[in-house]
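First chain A sits with chain B, and in the next complex the same chain sits with chain C.
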Partner chain A sequence: MDTRKEKFPYGIPGHNLSEIEREIPIEEPPVWPINDKLKIIGKRVNRIDAVDKVTGKAKYTSDMKLPGMLYAKMLRSKVPHAAIKSIDISEAKSLAGVHAIYLIENTQKEGEEKNNGKFPMVKYVGQPLGGVAADSLEIAKDAISLIKVNYEEKPFVIDLEAAMEMDAPIVFDVPITRQADGGDVGEVHDGSKGQGNVRGPSTSSFFGGPRGDLEQGFNEADIIVEKTYRTQVQTHMPLETHGVVVDWRPDMMMVYASTQNTNAVRNEMASIFGLPKSKVRVVCDFMGGGFGAKHSAGSFGPMAANLSKKTGRPVWLMMDRQEEHIAEGNRPNSIQYLKIGAKKNGTLTAIQQRSHGTAGVGLGAGVGRIAQVLYPCPNFATEQYDVLTNAGPGAAWRAPGNVQGAFGLEQAIDEMAEKLNMDPLKYRDLIDKSEVRKIERQRGAKLFNWSRRQPAGSGKGLVKKGLGVGQSTWPRFVTLDSSVEVKIHNDGGVEIRSSVQDIGTGTKTILAQVVAEELGLQVNDITVNIGDTFFPVGPGSGGSVVTGSITPPTRNAAFEAKTALLKLVAKKWETDSSELFIENGQVGSKKDANLKMPFKEATKLMRTSQISKIASRSDDYGGFQQPWGLAYGDLGSVQFAEVSVNTDTGFVKVDKIVAAHSCGRPLNIGQLESQINGGVIQGISYALYENRIMDTGTGHMMNANVDQYKVPYSMEIPEIETLIVEEYSALSSTDAYGIGEPANIATAAAVANAVYNAIGVRLHEIPITPSSILKALNKVS
Partner chain B sequence: MEDKKQGADSNSKKGISRRSFIRGAGLSTAGSVLLTTNAFAFGSEEKLTAGKEFGPGATTIQMKINGMVESLSVEPRTTLAAALRDHLELTGTKVVCDRGSCSACTVYLDGKPVNSCMMSVFDVGDKEITTIEGIAKNGELHPVQEAFIEHDASQCGYCTPGMVMSCVHLVENNTNPTLDDVKNATRGNLCRCGTHPHVFKATLAAANKTN
Partner chain C sequence: MNKFSWYEATSIEDALQQVNKTVSEELYQSTNNAAVFKSGGIDVFDWVKEGLINPQKIINIRNIPGLDVISYDAKDGLRIGSNVTLAEMASNSDIKNHYLALHQAINHAATPQLRNMSTLGGNIAQRNRCWYFRSADHQCFRKSGDRCFARHSETGENENHAIIDNGSCVSLHASSISTALMAFNASVVIVNSKGEKKKVLMDDFFVSAGQDIAMETILQAKEIITEIVLPAPSKNTKSYYIKQVARESYDWSLGDVAVVIETSGDTCKSASIVLGAAAPVPYRSVQAQQAMEKKSINNTNAMAAAEAAMSVARPLSKNGYKVPLFKSIISEAILKIT
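== the complex of A and B ==
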């Protein structure tokens, strides 16, 4: 491979910015300087699809209406555990306006229980059993209510701790392998080990397995913190529910999907129906929120396809609000035991973690890697158990596992600081080796005015103020299978194409920024056509991988297209293309300032109607920690919380959050602030409000709606200040990373630490509610 | 099929039933605030006309929407939100909770914000409906819409139409809103992406500009 050497900016501006020399492939574009020397990157650039959003013109999957389209509704189980004896569809079938009914029949898959019946075993309330397609949604609903399912009910278990009992009803008799949809990457969840409903443990991640010797570590410790922390089940509740519109034509299966991963849905549908990938097209233009749960075709995708096949018409199948809560994913709960040892000087000697959680009928209820990697500690071990229950399967939820894990670990670290009689922020200075978090602590503490913090519970009066801090880390993942096409048309138009989707994070806009910066144009000169599997395969929008995966090839493809265009201009000017550049929409020459040609005129020099270049994600310049795309370095975050606790009513109000974050080279400041605000607000919601309430007697979710599943509305929104720390690592042609997961990890721990600082009693369980505060204060029993 | 006519005063005497499905549900405290959700803005003085029964099949009605008269054929169980989305393809109005808890379906009825998912299409009568599609006039964005763009006040964008409706109503009716006024105006608008801080900023900026 031909390479060249270049010097890259390296480090944190205002702190330790220096240069590093990297050997990079010869075809990669020249190094970008830091952001304040760039025109479009790192600036506040308006979202390119914002006009569509504020005028109601944006068409989401749920808004689709195709000629001849039918509306479908799923038939779902009303009991948590049963064999199905029969399903009577005779009445539904004869209802006027019903076009097709499809029942899911038993197909014995590897690892599933033996079942000689016609229909699969029911394992949770809300399990899909079939579907109806009709002229209207109302008729489809009527038809569903006319279908009679005859169940042979079996004992079931809903509650996590009840399911762990040896005599609990068994959810699956056999080893299971089904990872929750989009479940955590990094932990190996093995459903084949374990006893009863308790499966596992998983003891390692891609950062390795246990290290050192726990017993020796605890022997060396002067101080031990040993506590159990608990977190609840939260459901995603995206405003647009899961769903698809499938139009299965003879030559092509068209799928409009509300998805975080057009490519995965395409592959899944192709595989299920035995079609070549080229015969399935998945499109997602606007998408109304996913937060991790929308990575697959689910059961609704195949259902809509089967109904479309039966009727020969397009079929609309979107979940309703209740279905969304009970069957389309959740963040599993956790019971986490943590034991931490430290010497008198604060040095950590051992961390032991043991967790149990339930992702319902799925696996993936771990607590992540936070305890493993946030602080260097020579002796570490974790055991993370999945507990099966008769409830809807979990799904990835913004930093899966790690949000639960951070809630435990970052409180335990606070408890250790208190035992050491140290300020919690200073204690983190001592044990945290991350340079970026050091700067985040410094800058964040100043902005937050941390020095006003008083000893725990020392406030006077009814309403007590408290300040707290929480930290997090998220790995820099890259999806190497990330490709993009950049086209320059001969009328000056520039187009970006990839299957990567914009789920509201602003992907369309950052791609336009990258290409505009590279081509010396404006953002609105660039057209972004993404979210379509007819275009080169891009990454799924999960794990904060998109920016780091797709912006480098986007820049590289633009650079290659530019190089091709400049060669044409060089030929005309009888000069060398390496002397030419594009700036402010004009081609110019470094040697002759008189030579100028508008970009649009230059594109007329083409022989063909476009220059088209496709680039894929190349390896990181400095190589990878793991060859599959785990980059070096982390995305570190520090969040500060200020709360008021009314000690009479138990009411907790978050007054202020300062969120200090790093994501490599920031690309769009406004969009980054939006995502950080969102992560913080979801974290507050997790800490104080939302909670899936199950009726253990029937297996039904009691608050499967919007009004009783409490999340923050405007009145609960605190002042949020974001602080973005630029950090250059010289790893790719953009050196940029995402912020989706990092923004959400530390908040609940910061809020819980602030509540402790306010009232002087620590709550080890979320959500922290008025009732739990009053109990902690011994005001109610 | 639905047909469009210019002008907006042709259907005032159609004898359309005014049975209020909200009132029927016993929510007689019109205009009050339910928990943190949006106020139901049904006028309490609204007279109930004893209407004739419709259904169970479809009936053709006319409605004034965004300055146009629209004809549509709907079943009696059709909500205003469903009529807008499924019959008139005005899909900017979103249905999220389908029970008056999230304000994603906010439209104006004679200038007052209502949850269109909680209203029978037969209760609209001759009232003027404004949807998100009718906020920009002659291709010119409302200052609130412009400010939403400038301050990045949408992420996934699914709550955005409802947010814009709530904020435009505030700015049009309060020349000098405070942060608390904006919070109050959007207190029923669910946003799961957590875009509220930018919605607040945008609305205050728009109000400043209009003054």
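== the complex of A and C ==
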């Protein structure tokens, strides 16, 4: 590979910005300076689809209407654990307007007990059993209610701790491998080890396994914090539920999907139905939220395809809100035991972590890597157990595991600071080696006015104020299988194509920004056609990988297309293309100021009607930590919370959050702020409101709606100030990373630490509710 | 969802001619030929959508003329037509000026969108929000089933449920506006198909689960609420209402209280104190009223009244927090009367 050397900006402006020399592939574009010197990158650029979204012009999957389209509804189990003796569809079949009924048959897959029956074993309320396609959704629903399922019910277990008991009903009596949909990035949980419903443990991550010697570490400690923290099950509740419209034509399967991974859905559907990838097309133009639960085709994808195949018509199959809550994913709960040792001077000597959590009938209920990597500590070990229960399977949920893990660790660190008689922020200065978080603490504390913080519980009056802080880290992942096509058309139009979808964070807009910056054009000169598997394969929207994976090849492809175009201009002007540039829509020459040509005119020089360049993600400059795409550095954040707690009613209000974040080179400040706001709001929601409530006697979720499953509305959302720290690492042609997950990790811990500071009693469990506050204050007899 | 026909009632007589069931009767024992009332439609359509009732006919009483008037007279008091929306009540200056606690209750009810749709008649006649009662998968006593799921000491999810009068049913009445109405000694005017009119005190309008497990009000199928009337408050009457929630934007009450006190200087001449979200129907706390009567309105007496109110509380496995919560809001509401 031919390379050249370039000097890159390196470090944090206003702190330690310097230069670093990197060897880069010769075909890649020259170094971008820091954002101050760029025109479009790092600025507040309006979303290119903002008007379409707010005017309702944007068409989501659930809006799809195709000629002859049928509406489908899933048949779901009403009991938590059973064998199915029979299913009677006779009445449903004869209902006018019903076109097809498809029942899921027993394929005796791995993870199922010996079952000679025709149908799979039922393992949770809401498990899909079949589906109906009809002329209208109402008819499909009526048909479902006419289907009679004859169950042979079995004992079941819903509660995490009850499931851990030796005599608990067994959910699966065989090894299982089913991972939570999307899972924790890079983590595979082992469902073959363990006893009864308790599987695992998993003891390592891609950052390695245990370190040092725990016993020795605790022996060296002067102070020990030993606590158990608990988190609840949280369901995703995206505004747009899961679903697809499948049109299985003779020549091709067309899938319109509400998905954060068009490519994965394409591959899954092709594999399930034995079709070549080229015969399955998945399209997602607009996404109404996924938060991690929409990586796969689910059970609804194959169901809609089977019904489409049976009827020869397109089939619409979107989940309703109840189905969404009970069957389409959740963040597993956790019980985390943490033991931390430190010397009198604060130096950490040992961290021990043991967690149990349930992702229902799936695996993937760990608590992530936060305790492993946030603070360097020579002696560390974790054991993370999956507990199987008769509940809907978990799915990846915005920083899977790590949000739970941060809630535990960042409270334990606060407790340690208290025992050391140190300010929690100063204590983190002592034990945290991250340069970017140091700056975030400094700038954040100033913005938040941290110095006004009073000792815990010292406030007077009924309503007590409290301030708290929480930190997080998230790896810089890159999906190497990320490709994009940039086309310059001979009418002056520029087009970006990739299968990468815009989950709603503004991917379309940043791609347009990158190309506009490179081509010297404006953002609205660029057309972005993405979310379609007929285009080059892009990354899934998970792990906060999208920006870091797809913007470098996008810039590289634009650069290559520009180079090809400038060669044509150079030929006409009889000069060398290296002297030419494009600025403000004009091709110009560095040598001759009189040479000028509008971009549009330049495209008329093309011999073919377009210049098309496809680029794929190259390796990071300087390589990776792990060759599969784990980059150097991390995405650090520090969040500050201010709360008010009414000690008589237990009512908690978050008054203010300051969220300090880094994501390499920021691309669009407005969109970053939006994502951070979203992450913070979801974090507050996790800390105070959301909770899947299951009746352990019937196995049903009692609040599977938007009324009783509480999320924050306008009055629950505090003032949120974001603070974005630019950090240059010289790793790619854009040096940019995502923010989706980091924005959500530290909030609940910061809120819990603030609640402690307010009332002087620590709550080790979320959600924090009036009930739990009054109990903590010993006001409930 | 089964198909139903739609009947546009043009008069009270017309509506009463058409109706044959209350929603409650249908919920308890469903038939195939029910014709039920719909005013704002908030509650009745929830039941239809959940598949818990399948009426054959929906009788729209929302457009019956003459039921949408609010009038106030210094001597006779306030009359509110049953089709008046909560939003209309919220912006009514007579209610704000003379019945502050009611004004406060309305402004904390549901959401602005729901207040635009909901009518007062429907609001006071709606069924409770117990999630077991509202689940098609749980056949509780209120739906002619054989148990109360919420009451179960180990499996019952009863954090939001009743702490008073929680015998055969532990649900909470859903109308927090009724808390204030009852405190103002409001009456419900009901007309039957024979054209007979009766005026029933709110205290007698609601039916406890022990009296009739199928019903929450005395309303019969062939009856319609035409208006709610509130006596004129005396010159020295003051009121206050507090609804405690976990989420301020929109939430069901964890506990609410309306206090109406006739004062004489800083002394309470007589008190009307009603608790919402405490019992299956709005609960008049005679204990708190007695504790305040002829007493000065001060911190000690307000606390004593709150303690007295909670002396009858018998919390369930997960709602013990409601006792201190009620003590707090009851005493605070009393102290606002000065």
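Convention: the second predicted complex is superposed on the first by the 776 of 781 C-alpha atoms of A that agree within 3 Å, B and C clash if a C-alpha of one lies under 4 Å from a C-alpha of the other, contacts with A are read in each partner's own complex, and residues count from 1 in each chain.
We adopt the following convention: a contact is a pair of C-beta atoms (placed from the backbone, for glycine too) under 8 Å apart; a residue touches a chain by one contact, two chains touch by 3 or more.
All values reported here derive from a predicted model rather than from experimental measurement.
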Using the touch definition from the top, say if A:T769 reaches chain B (first), chain C (second), both or neither.
second
Given the touch rule stated above, what does A:M237 touch, chain B (first), chain C (second), both, or neither?
first
State whether A:I693 touches chain B only (first), chain C only (second), both chains, or neither.
second
Can A:K43 be said to touch chain B (first), chain C (second), both, or neither?
neither
Quick check on the superposed pair: does A:F651 touch chain B, chain C, both, or neither? Answer first, second, both or neither.
second
Touch test for A:N703: chain B only (first), chain C only (second), both, or neither?
second
After superposition on the shared chain, which partner residues are touched by A:K465: those of chain B (first), chain C (second), both, or neither?
neither
Who contacts more of chain A, chain B or chain C?
B
Please indicate which partner A:K59 is in contact with in the superposed arrangement: first for chain B, second for chain C, both, or neither.
first
Scan A:K779 for contacts with chain B and chain C and give back first, second, both or neither.
second
Which chain A residues contact chain B in one complex and chain C in the other?
138, 712-716
Contact footprint of chain A on chain C as seen in their complex
1-2, 51, 131-132, 135, 137-138, 149, 152, 154-157, 159, 244-251, 254, 318-321, 323-325, 327-329, 332
In their shared complex, chain A is touched by residues of chain B numbered 35-37, 75, 77, 85-86, 89-94, 96-99, 101-102, 104, 131-133, 135-136, 141, 145, 148-161, 164, 182-184, 186-200
Quick check on the complex: what are the chain A residues that touch chain B?
44, 46-47, 49-60, 62-63, 65, 136-138, 236-240, 286-289, 291, 320-321, 503-506, 670-671, 673-675, 677-682, 705-707, 711-717, 720
Interface residues, chain A side, partner chain C - complex:
78, 125, 138, 141-142, 145, 646, 648-651, 653, 688-689, 693-698, 700, 702-703, 708, 710, 712-716, 769-771, 774-775, 779-781
